[in-house]
């Protein structure tokens, strides 16, 4: 039962229909990485020192873009009611959607990160830490994305409201994730993964409760 | 407890509690601030700047207390569906945000002469700033949910109130977990590293601000309830007019 | 998961999974905090594993008693920061904050120079959790201790 839902979620999130697919956030992510050298000048040393953090900020900003199409279209179309009638717990649906969102947002993001690293003049070693940090942090970011999308589904304000909600909650991921770059860190990576896992464990319940609340 | 679920009984209680809390709070705050600002001694190291303590510390407590109120009320809303809990959570958000902002502003002003900087990115300051942004997010969410009709989206807002509560213990422990520039807590369970000369005005001031906080929350709850009632009345009247209008037009239609 | 399970049981399975994940997160956090880089280096960190000269680091510690001296130019202060185990000499040019006195905590941003002196670009003073009026400080130490004991006993 999980498998067809996951497949459907992935196809929808990749294609996206009228609200844009998985490619848009990635292009936005690269655009932010490109803007930064324009703003601070092409000083290679400065770029290399700060570039890792810029990639993290760009990733967080890009994570806002898909929020208004993660849950809302299905809620509007009544899919969640259908699934509930078939006896599926909302929590499981949200857990599946988190995984699907991770596949469609975080994996392309990690694939695009080497390009951003070239634009920002990061070394191979920095790129490796950055990719590991993103691997540790993006599951939490995806979980948070689905939870915030479920909370704001159907409300006016759309992506801007969702962005305001997700950014303060994502601060620990950013601090530990970007921190692992500067203070050379297995410790930082472990903390990023820990924060990420906490979000992965809790967000399906928050998202599920929000979906049930939206139905009432 | 379910006695309070009745808004009429709550309103009767709140009608005399609100002015009482506000006036007592104002008197206590004014008195203790005068004591703290003019009569309490200067600190051995910080000198006169220590006097900002009397505003900074109570507002920090109430900034965190505001979100704790939101979290408890949200839990009550989610578990027992208590109609007043939603309103209480929403009413606590604005004063909580204001106290958090006051705490950050006074802390910054205090930090400049004592630490030598307006702002540092250490655990305590950062988590408090995150709290302020959580308040903004909560208010925006509550606002957006309310536009779709009163009472709509209150459970969704409550979920966010509970999720955001993770930050409160982080703020509290931040000075212990990280080697921060902000000093550890001066007042812990039954012990105080603050000399009584500072402590008494501080505690009275904190009590006064808490009463003010409670008074503002009650006043806002009454305002929100009045909004609810006004809207419900308008809706009833609109329906009635619609019904009579329809009846009238059908009568007219029949006459022609 | 199968549809044979009621939603309540599906949720229970997910709760158990979530608890396992949370335990995993706690273990990772404990492991990660072990070697946690804090807000600043303390002198014994610098003694045991000195950062290379010129790299920006942040040093935190206590100003050693009797170590503050103002150099001939009048705006440069030299002092020694220690943490009870090791000490580092520090030099700073600029206006010092109010709380910068001997025995107080400081946090300095800067870098080590070649001969092991820490050259600070900025200097922040740390306040401890004790608040005490000036009069109390002028008492003898025994008197002050008695007063403090009295106030903390409540």
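Chains: A, B and C, in written order; residue numbering restarts at 1 for each.
Here, a contact is a pair of C-beta atoms (placed from the backbone, for glycine too) under 8 Å apart; a residue touches a chain by one contact, two chains touch by 3 or more.
Keep in mind the model is a prediction, meaning the values are calculated, not measured.
Engineer: Once the contact rule is applied, which chains count as partners of both subunit A and subunit C?
Structural biologist: B
Engineer: When contacts are scored as defined above, which chain pair ends up with more C-beta pairs, B-C or A-B?
Structural biologist: Of B-C and A-B, more C-beta pairs in contact link B-C.
Engineer: Determine the centre-to-centre distance between subunit A and subunit B, using the mean Cα coordinates as centres, and give it in whole Å.
Structural biologist: Roughly 31 Å, centre to centre.
Engineer: Multi-chain contacts in subunit A: which residues touch at least two other chains?
Structural biologist: In subunit A, the residues touching two or more other chains are 202.
Engineer: Residues of subunit C that contact two or more other chains, please.
Structural biologist: 33, in rising order.
Engineer: So in the complex, the part of subunit A that touches subunit C is made up of which residues?
Structural biologist: My answer: residues 1-2, 84, 86-89, 91-92, 95, 179, 183, 185-191, 193-198, 200-202, 204-205, 208.
Engineer: Hey, which residues of subunit C end up touching subunit B in the complex?
Structural biologist: Subunit C reaches subunit B through residues 33, 38-40, 42, 60, 95-101, 104, 107, 122-137, 147, 151-152, 154.
Engineer: Help me check something: in the complex, which residues belonging to subunit C touch subunit A?
Structural biologist: Counting only subunit C, the residues touching subunit A are 1-3, 6-8, 10-11, 14-15, 17-19, 21-22, 24-26, 28-29, 31-37.
Engineer: So in the complex, the part of subunit B that touches subunit A is made up of which residues?
Structural biologist: For subunit B paired with subunit A, touching residues are 78, 126, 130, 133-134, 136-137, 140-141, 144-145, 147-148, 153, 155-156, 159-160, 162-164, 167.
Engineer: In their shared complex, at which residues does subunit B touch subunit C?
Structural biologist: For subunit B paired with subunit C, touching residues are 40-47, 49-50, 53, 113-117, 120, 122-123, 177-181, 183-186, 190-199.
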